[in-house]
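Chain lettering (A, B, C, D, E and F) follows the sequence in which the chains are written, and residue indices restart at 1 in each chain.
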Amino acid sequence: MFYHDKRLQYPVRVETPDPVFARMLQQAIGGVEGEIRVCMQYFFQACGARGPTNKYRDVLMHTATEEMGHIEMLATAVALNLETAPTELQEAGAADGVVGAVMGGGSARHTIEGMLHRHILSTGMAAYPANSDGVPFDMSHIYASGNLAADMYCNVAAETTGRVLAVRLFNATQDAGMRDFLSFLIARDTMHQQQWLAVIEELGGASALPIPNSFPQSEEKNEFSYNFFATGVDGAPPPAGPWSEGPSLDGKGTFSVFQNKPMGEEPVLGPARPDSGAQTEQMG
Amino acid sequence: MFYHDKRLQYPVRVETPDPVFARMLQQAIGGVEGEIRVCMQYFFQACGARGPTNKYRDVLMHTATEEMGHIEMLATAVALNLETAPTELQEAGAADGVVGAVMGGGSARHTIEGMLHRHILSTGMAAYPANSDGVPFDMSHIYASGNLAADMYCNVAAETTGRVLAVRLFNATQDAGMRDFLSFLIARDTMHQQQWLAVIEELGGASALPIPNSFPQSEEKNEFSYNFFATGVDGAPPPAGPWSEGPSLDGKGTFSVFQNKPMGEEPVLGPARPDSGAQTEQMG
Amino acid sequence: MFYHDKRLQYPVRVETPDPVFARMLQQAIGGVEGEIRVCMQYFFQACGARGPTNKYRDVLMHTATEEMGHIEMLATAVALNLETAPTELQEAGAADGVVGAVMGGGSARHTIEGMLHRHILSTGMAAYPANSDGVPFDMSHIYASGNLAADMYCNVAAETTGRVLAVRLFNATQDAGMRDFLSFLIARDTMHQQQWLAVIEELGGASALPIPNSFPQSEEKNEFSYNFFATGVDGAPPPAGPWSEGPSLDGKGTFSVFQNKPMGEEPVLGPARPDSGAQTEQMG
Amino acid sequence: MFYHDKRLQYPVRVETPDPVFARMLQQAIGGVEGEIRVCMQYFFQACGARGPTNKYRDVLMHTATEEMGHIEMLATAVALNLETAPTELQEAGAADGVVGAVMGGGSARHTIEGMLHRHILSTGMAAYPANSDGVPFDMSHIYASGNLAADMYCNVAAETTGRVLAVRLFNATQDAGMRDFLSFLIARDTMHQQQWLAVIEELGGASALPIPNSFPQSEEKNEFSYNFFATGVDGAPPPAGPWSEGPSLDGKGTFSVFQNKPMGEEPVLGPARPDSGAQTEQMG
Amino acid sequence: MFYHDKRLQYPVRVETPDPVFARMLQQAIGGVEGEIRVCMQYFFQACGARGPTNKYRDVLMHTATEEMGHIEMLATAVALNLETAPTELQEAGAADGVVGAVMGGGSARHTIEGMLHRHILSTGMAAYPANSDGVPFDMSHIYASGNLAADMYCNVAAETTGRVLAVRLFNATQDAGMRDFLSFLIARDTMHQQQWLAVIEELGGASALPIPNSFPQSEEKNEFSYNFFATGVDGAPPPAGPWSEGPSLDGKGTFSVFQNKPMGEEPVLGPARPDSGAQTEQMG
Amino acid sequence: MFYHDKRLQYPVRVETPDPVFARMLQQAIGGVEGEIRVCMQYFFQACGARGPTNKYRDVLMHTATEEMGHIEMLATAVALNLETAPTELQEAGAADGVVGAVMGGGSARHTIEGMLHRHILSTGMAAYPANSDGVPFDMSHIYASGNLAADMYCNVAAETTGRVLAVRLFNATQDAGMRDFLSFLIARDTMHQQQWLAVIEELGGASALPIPNSFPQSEEKNEFSYNFFATGVDGAPPPAGPWSEGPSLDGKGTFSVFQNKPMGEEPVLGPARPDSGAQTEQMG
């Protein structure tokens, strides 16, 4: 179960509110690279973790709980960036007063054009769980497979795209408060990349591959387990690299290139049946 | 651009059609761990690949093209498993004739109860791009970040969950044809895990971390880059492991544990503005 | 604006309630082939219809209004089929009493297994706007392009898949009341196919092609306007037919076969920029 | 920010694991009436709360934090109900051994037919953030309007449908452990209905209506503010009740019935423009 | 069943077409606070209404029918606001002619930047069932629980957020025609808030709580039915108010504050099974 | 199975990169009128095609394969249009340097306001499978009904809306490279409209109606199969046309007009059951 502290994990300051940057920050809340995703992903992985001890459940829940606080900080940052946002579609040529001034000379109309309209119409100048194009977060992005090693790679993937996003947000703004806050999130993403890779190491690293390691490899078609399948129409091989020659990373095979070709036949399905709503011509 | 051969990459045989297994196979077509996802993910990563050469674009497009053929085989497998599926909600006690027989004694009614109804109502006994619970595939699952290393971790994640799924499908059926086909897919997933990890190696492996490596780490809050943040209410540390002590995997820091605590303040937003549709009481 | 009559357009009778057939009927409410779709599609096409007169707006609104009544009848049919549905997960071997009896001997447990659980948990034995696999209807399926001829083809498409669905539902049940009701819907789908094709005729039929006819065909790459592009890897042509030879249907060209081949070059994108969150290696 | 305790808020016991009940429980996790929804709804309302003090922010965050623990308990209940679930589509007539026994005599095959297949294929016998028909939770259901009184009605609505759901789950199972757990959730829903209604009272109750109360009612078309619009085609009034006569609940008007009739004209849109992709016939 | 009149319920006039306001109006069509939602919500509640008489079914259908006309007016308003919208991405410095003039001096390019692009590309300057950020309406927002009192609270919630939205739209525009039209919608939302609250009164008001009232409260964990659970990490109570002390609103209890604490244990799931696709390490 | 060639089907040139046009092009990738849709639609129709020969399977697969190359070209066009896009939210009055210049004088800030933010934040200046408002493509738009004639009408519908979209994109840009490329796509859409109509002709044309033709028309309610149902409240007929009089298009009936009226009764559902979570008042 959970507890909260009213204070934020890290200070969130906005020097010059910018409602278009508020839109950008939404990607870190409700985007697929964002914080709801990692929070809920670690949470559901923790709740479903099976194994001899609860070790990984615990590790995951520590970080899920931290991420909940990241969503809170970002939602605060969005609200602060919207504090002086315009609410009325004035004529473009009109004097914009205070609002325009803080926007660096842009008119209120142009600012609204670049905003998420739901910030004005649906939330009253606050964050909502959607991305920077207004698409609501969809929980199908919570990857929790029941296989710990697979889950860890999903987590590394989430934290790499997450840090890429945080860096882009950092680059997009000159606001000193926002940059300070984002430099904290970037540091945390560094750690989270590291920690999930460390779990993979403890689970055996490359030698734990292929995932899942509980399936006897004797039952897979071994002759196709370490071949790069080339699909160029002219038979040209793929660019050479450690994926096309040399020992495989799991130490269990040797990479080679295989020119993809049909091993099967053209499929022939049975005719449509009379009760199946097809055209009569399909039933012959 | 692309070409096709009418024949399948690998033989797809079904000995005893089972419409409930057809439902299960849908997960490998339209599930988040499935083949549409990897096909389209590699395709869009290829189309957006930026770099000094087109090397990674090429590698990605080879495999995207292979995956298109995997969707084709799975769609064929679904259609074959539906060949004798019931279409009418008979009484449960009724004799089921041929259909029931191939279902191992189950009645047509019970079989329909376990099927995806859209296999009967929408497709006329064929595959569609949805998962095993009938949820259509949603292209937001195509991860293509513009950062090659991040993309490769996304690809490894996809192939690990993909192989876990293929193994579960293998375990769920006793049909010799389906098991042979799935053992091919499992082998290909083994290779695809390997090949994307090999690309990461070529991109620098652990020393390419943190991703993106183009952001100067001096600009992140370094004091928080290698700390595991503990969030237990009683101050208890997380389980010890390579994530909580010792050198970090990127060789740039040393792991430690930090008890999470508020460094920020309780946020205070400005009052609601008169034109914002709030209650009057919020404007004081 | 709109008015209602409490009575249904056509009688809806259920002789033997069947909660699994209630699930099937959901496809005709909230499926992509269903009645919400056509109702809303004709409605939005009507509201956006531009032209010298309001003729097509009117035709569309007449039928949109009829379709609203179709949703009502289907929702009633779902509720009636759920009247005696089980609500408790009894043991499979338990005597089921009245409920089991009307289900033809199936147990309550098995019936629940085949039901949409939201019929029990979310609606209290009533219809909801989702399909037979429980996926909610998504309004992106409302096609209203602003081009009347294109819209009419979208409408014919909707009514053909709609009638296919209604026929499959008819085939799936032996309930006399439901069959009588469905035979009415099937007849209406026959008419709606006809009426939208009749509008296409009035708009010029084949001679109105290609759609939109307001774009000067001299501006399209005419040498590729009537060629079937063959993509077989072995250069084999497609099956011969009226799509590969002879005059085109719009009377403006002659069909031929063209072996697809690259006319463009391999694309080369610029390198990643330093501020773009890519790996350093991509910036060379 | 947030903290966690490894222990659950309330004991979660399952006496006889039932994988079909696991499916039902998913509605309380990822259904629109479920716990992710209220957790995130209160959280985002808290983060965006504007007003002279942080009072309502605090009240909301207390309960958001409690709800996070409710998701955790439900996810645990799902995993426990899946502990002995079948993973293989055996023939229906086969002896099922231990699994069948705990299912009350149902076969493994029938049990799988009634399960969410992603419990087998995607999660390895654990919960995921989807509803009982497998549809992932979609964050567009987080209502946080920036108007406190509107938000409170959204919260009451969520808790009423939430308690209806919990009662239906209670009725659906005979498992003593699950019933004990659900009786706790039902009690908490009782309180949460009460507490949000209490906030409405403090905000003025009926006299705070209409919401938002910051819009001067003199600017609305007052002649239509307290009329029930009747839309029966025969002009019949609606059933009489406190909505059709007597003083309005906000004390500012008197209810009456108004027969709906067109006050506007038939809309006439301008013709399609030449560059708009319409048919030529629409441009006249 | 239903009928239509070609004329609109209320006049819809646009003095100065503004395509960015057309985008804003989309929120009232396809947003979660919009008119499709209430129309379909009342419609499905009506179709599923169970009770001794059809009274509430009738009341609901009257208003569902009215709301259908609201969608029609809003769709007309969107089309009229798009009448002079630009279709070409001219250079920003170019003279914009008539279009720019009516936009108050903004260039065509800037106007397009602020528009929903689907208004140009997909609809030919007409409305579509999506919100102001272009997200299509999703029918999972139709709340119809089978419990009349719960449904009424859902309806009040919909009308409060609906009126908040209408007020924000009113504030966003200076167009006299649009303001007149919106002041009509605002008045109707006032009534609809009132009428659903009046139904709640007739159903017993506060004394009908908790919802559902058909579940015997003796079966819920009464000791937790009227306690505000405090989750502050420092044990601080929530802000005092009518939710933390005094009699409960349903007259059945007394509010108090309870410091949340674990009553359950740390959950321990069984190990992963050999056939479950987990890592071998999870099976110990 | 499939093969690829590194080169594009047709040259893709961008003279002046325009990131707002990149946004527009997304509609042709991930919009419902776009190329992912037709590619996947033809692919799944091919995979499920049932009939005496594989003729239509082959025809469909040829074109599915061509469409895959169309997605590739469009994705390339998007990336090229984003090459010089701004990444930082500068002040509106700031000098924009090179970037602004190529935008025709617009500032970087205004350009960002009109862009899809995910082009900056999620993809690093590349295409993704979403539409021009950022909504990801949803595979429920893949229509593959198992009825060949119905599928062909779905394909014509897709190609008519597809060509309308391509024309609008052509009209929106003055870039010579983009116009040349789009004129190729427009030509291909012309052909694809033609070829699917040609398949319908071979399947019998109008005489194959109504679809499905395998359902004996004697079983539908023939008295309603060729009547236009008028729903005007005043009994006024619809506009006269070939849909309201004269022989039907399938040669099997004669059109007439029927004034819609209730043939059914007001529905009366059974009372709510005690275990159904309704209010007690609904159970009488």
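A few points about this structure:
Heads up, the rule we're going with is that a contact is a pair of C-beta atoms (placed from the backbone, for glycine too) under 8 Å apart; a residue touches a chain by one contact, two chains touch by 3 or more.
These figures come from a predicted structure and were not determined experimentally.
Common neighbours of subunit B and subunit C under the contact rule above are A, D, E, F.
Chains that count as touching both subunit A and subunit B, per the definition above, are C, D, E, F. Comparing chain pairs D-F and A-F, the larger number of C-beta contacts belongs to A-F. Among the other chains, the CA centroid farthest from that of subunit C is the one of A. In this assembly, the chain whose C-alpha centre lies farthest from subunit E is B. For the pair subunit E and subunit F, the distance between C-alpha centroids works out to 28 Å.
Centre-to-centre, using mean CA coordinates, subunit D is 12 Å away from subunit E.
Among all residues of subunit D, those that touch two or more other chains are 1-9, 32-33, 47-48, 50, 54, 58, 61-62, 65-66, 69, 76, 79, 87-88, 110, 113-114, 122, 124-126, 130, 133-136, 138, 140, 145-147, 149, 161, 164-165, 167-168, 171, 211-212, 214-215, 231-233, 260, 262, 266-267, 269-270, 272, 275-278. Because contacts link each chain to all the remaining chains, their graph is best described as complete. Of all residues in subunit A, only 3, 5-12, 32-33, 55, 58-59, 61-63, 65-66, 69, 73, 76, 79-80, 83, 87-88, 124-126, 135, 138, 140-141, 143, 145-147, 149-150, 153-154, 156-157, 160-161, 163-164, 167, 170, 183-184, 186-191, 193-195, 197-199, 201-202, 206, 209-212, 214-215, 217, 219-233, 238-239, 241-243, 248-250, 253, 255, 260, 262-267, 269-270, 272-273, 275-278 touch subunit B in the complex they form. Of all residues in subunit C, only 164-165, 167-168, 171, 233, 275-277 touch subunit A in the complex they form.
Taken in their complex, subunit A has these residues touching subunit D: 1-9, 30, 36, 40, 43-44, 47-48, 50, 54, 58, 61-62, 64-66, 68-69, 71-72, 75-76, 79, 122-130, 136-140, 142, 144-147. Contacts from subunit C toward subunit B in the complex involve residues 18, 20-21, 23-24, 27, 31-33, 103-106, 110-111, 113-114, 131-135, 164-165, 168-169, 171-174, 231-234, 260, 262, 266-272, 274, 276-284. On subunit A, the positions that touch subunit E within their shared complex are 1-6, 47-52, 54, 87-94, 109-110, 112-114, 116-118, 120-122, 124, 130, 133-136, 145-149, 203-204, 208, 211-215.
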